[in-house]
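One chain, chain A, links the two complexes that follow: it is found with chain B in the first and with chain C in the second.
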Partner chain A sequence: MRTLTRVLEGIGSTLQLLVRSLSHVPTLPRQWGRFIEQCYLIGYTTLPIVAILSFFIGSVLALQSGYSMENFGAKQFIGSLVGLSIARELGPVMCAILLAGRVGSAIAAELASMKVYQEIDALETMNIPPARILVLPRLAAVLVMMPVLAIIANLVGWFGGAIVAKYTDFIAIDPPAYFAALRRFMEFKDVLNGLIKAEVFGFAVVLVSCNIGLNTRGGPREIGASVTRAVVTSLILILVLDYFVTKALL
Partner chain B sequence: MADSCCSATRNPFTHTETPAVSVAIEDLSKSFGPLEVLRNVSFKVEPGEIFVLMGPSGSGKSVLLKHIVGLERPTGGRVTVDGRAAAAEETREQIRMALVFQAGALFNSMTVYDNLALYPREHRIADEAGIREKVMRALQILSLENAAEKYPSELSGGMKKRVAIARALVMEPQLMLYDEPTSELDPVMSATISEIIATLKDQYHVTTIVVSHDRDLALNIADRVGILMGGKLVFLGTRDELRGSADPRVVDFLNPKIDLANPRFKQLET
Partner chain C sequence: MQNSQQTARVGLFFILGVALIWVTFETLSGGKVFKDQGYNIVAGFTSLKELKTGDEVRMAGVKIGEVEKTRLAGRRAEALLRISPDVKIKADATATIVMAGLIGTNYISIDLGTDAAAELRDGAEIRTATTPDLNAVMSQIGELGKKIEGALGNLGGALSGDGKSPGIIQKVDQLVTENRENIAQTTGNLRSITDKMNRGEGTLGKLINDPVLYTDLQSALGEIRGGAAEAKTFIANAQSILDEVKRGKGAIGALVYDQKAADDLKASIANFRTVSDNLAKGKGTLGQLLNDDTLIRDTRAIMRKADRALDGLDDAGPLTAVGVVANGLF
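So, the complex of A and B:
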């Protein structure tokens, strides 16, 4: 019962934070500096790890599917399988999981630390709403950067699959044949659905991490607890949302 | 008590005057779950007055201060600033209140300059040149001109307190609140901070509430003093009345004897 109450309280406070943040949208143009800074932190600093993981996920996917599909004489469809899997599912989910681990944890730690050391209280006494200067620029930045990250994850993942498909002896499919198969079964809608998913997951991760950070109570030990809570909650949320968004987009 | 000189707060930057504000605490009670922190506390702070709220650690002083700036909501009773409910958002928009936190609560990711410039920038009080003038003037008042480009982590404890006061001053406050401004400071720096508080009040007639257990601060700069013990107000009077108080709780608080033969912590155990 207590857990259910806490979950409901968490949902309520997150939605309240969202409403409060959106009420400050008109101030966004004059927060350009903060927005760019957050774009850099969310996008640029996450990019290398997204690229590395996408490359290897594409590679492993090509390797596994090549190994299995060879038995059915269907290895010419590896490009389609890798392309669709990454665009529709693995790209957005992987980007969101990396975002939760890298950016969500950092947001929760920063805001929890500001809360514990009374910087948030100081903002409130100055009549500067934390939702305006700490949450809104992050939400705006993730909306802009998440599709960019997802597109890069798609391209690098496809490329990783193509390399493995060419240089693995038992697959040995040339890149033109690989990409032709990829294009044959994939529509623009598949990529778009993946980008919509990435957008939803990224927004949820940042919002939840901000809310958990801002609601930290207690001493420095609670900062660590908030970071753990933000990452775990984000991961659960990504997978739950994945089911519902996928169902809605099918 | 506040005299006629202090009916208006003088702006440290523009030298214009705005009416000084009063603060009224009426039957204030606050509980955190089963823990009762404040019990029916009532007092009034007159416009332009320095009111020092003293008391042992954990007596509810800082919680009371948070009620005045609207960071806490009362369980019972009410807190008003110039007749307006302290917890109401409009009150913070209409009355400029500044709280100097015990640990400074400076924004660690910003330089001292940016810490001070945040309020005028966010409220678009002036253009960047005007903000620079204001910030440098506040730093000058607190003798901190050379610290402008430093980060809070590069400052000593005393400097952090002075920066926190300077940041509050940039808000051109009608009500200044200080939470333990002299804690963790050496005696000379404590005296300096006390002088700053008194000077700001004398020059700008800001209504000032100081939460402290610094006896020297209270006996030197307070117009009136309140003492909270166990969430209840046990003394309210001028500093001369405080000196002359015969209440054993007040006497023991102000002049605690170190009794090695019968130590207090042993009495607490029994």
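So, the complex of A and C:
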């Protein structure tokens, strides 16, 4: 019962934070510097890990599908399988998980420590809403950066699959054949679905992390607890949202 | 400085992302950025089946372009094909939708056409032909299956009956049951007949078992064979005679094939007829001889007179014989 109350409390406070943040949208142009800084942290610094992870996700996918599809002579469709899997599902989800781990945790830690060390209270005392200068730039930044990260994840994943498909002995499919198969069964709609999903996940991760960070109560120990909670909640939220967004977009 | 560098990096990153999204869009949605210009031709079909934008267009198996667009045009479906500029398609070439795999990959196959035909230009329409798709073939097989099933059902019904009227098997069964005694008797008779034949009784039995009869039959057959050989020889001779006749040789040949001989014969018959007519009418010496009995009477009178004269000659002696004969005659 207590858990349920906490979950409902979390949902409610998150929605409240969202509404408060959106009410400050007109102030966004005046916060350009903060916006760029958050873009840098969320997008640019996350790129390497996204690229590495996507490359190996694509490679493993090609390897596994090649291994299993070889049994029934469907090797030439590896490109289609890898392409569709990454574009529609793995690219956005892996991006969002990395975002939760790298950015979500950082946001929660930063805001939780600001809360614990009463910086948030100080801001409120100065009549500066934390939603305006701490939450809104992050939300705007994630909305702009998430599609960029997701498309890079897609392309790097596809190339990873292509390289493995060419240099693995039992697959041995040349990149032109691989990309022809990829193109044959894919439309831009599939990629767009993935980008929309990435956008939704990224937004949810940042919003939840901000909310958990701002709602930290107690001493410095709570900072760590808030970070853990932010990451766990984000991961659960990503997978739950994944189902519903996929269903809605089909 | 730090701040502006950060801004530049974010800007670059964002532009990179937008560019990649655009490239992906162009590549997957059949944009023209990475393609040579080429030219378009239109192919109209009653149904495009599984054909979709981006599918290949092949000529003799070689990729020469791709489907740029599919659309409905009135009562038919049209595929707009983008063809490489270095490939020329003849006006009498035919396009068909070919299935490349069972999981719905299709391409348009264009044949080579003839050398003499003109080339298709941009926007021209290519001739098309419809190929039966898998569904049509499957439905035909299904119908065939139904027919076979119906035929087998009818056969089964005929054999075993449909509940109301008895089937063939039941009828045969009934027939056998009803005529069991007759059949037993008939088979008994047949058995006694075959037993007799086996024992060599009766004509058939002897024919089968008696070697003498066989020898007789053999000799009779030999004679018949000899007779047939003779008949053959006779027919050959007759044939050779007929051949001779045909060639106009011999009397009959001359008669049949020689016009002059035939005319002569006709004239002879005519003469003969005249003579016989004269004879019948009593004309001429022979005619009179045949028809006039006075001659025979005169002859008889002379003979009588001669008889008497000879009698007188016996009496008068030989010296007066000449005088008596002369006297008797004159």
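The rule is simple: the second predicted complex is superposed on the first by the 250 of 250 C-alpha atoms of A that agree within 3 Å, B and C clash if a C-alpha of one lies under 4 Å from a C-alpha of the other, contacts with A are read in each partner's own complex, and residues count from 1 in each chain.
Assume a contact is a pair of C-beta atoms (placed from the backbone, for glycine too) under 8 Å apart; a residue touches a chain by one contact, two chains touch by 3 or more.
A quick note: this is a predicted structure, and the numbers were derived from the prediction, not measured.
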item: First, second, both or neither for A:111, with chain B first and chain C second; value: neither
item: Partner chain(s) touched by A:133 [first = chain B, second = chain C, both, neither]; value: first
item: Contacts of A:183 with chain B and chain C, given as first, second, both or neither; value: second
item: A:121 touches, of chain B and chain C: first, second, both or neither?; value: first
item: Most chain A residues touched (candidates chain B, chain C); value: C
item: Touching partner for A:37 - first (chain B), second (chain C), both, neither; value: second
item: Which of chain B and chain C A:155 touches, first, second, both or neither; value: second
item: Touching partner for A:100 - first (chain B), second (chain C), both, neither; value: neither
item: Overlap of the chain B and chain C footprints on chain A, listed as residue numbers; value: none
item: Interfacial residue positions of chain A with respect to chain B in the complex; value: 114, 117-119, 121-122, 124-128, 133
item: Chain C contact footprint on chain A (complex, rising order); value: 33, 36-37, 39-40, 43-44, 47, 144-145, 147-149, 151-152, 154-155, 183-184, 186-188, 190-191, 195
item: Chain A partner contacts - residues on chain C that touch it in the complex; value: 3, 6-7, 9-10, 13-14, 16-18, 20-21, 24-25, 27-29, 54-55, 105
item: Footprint of chain A on chain B - complex, ascending; value: 66, 69-71, 92-93, 97-99, 101, 103, 105-108, 118-119, 122-123, 171
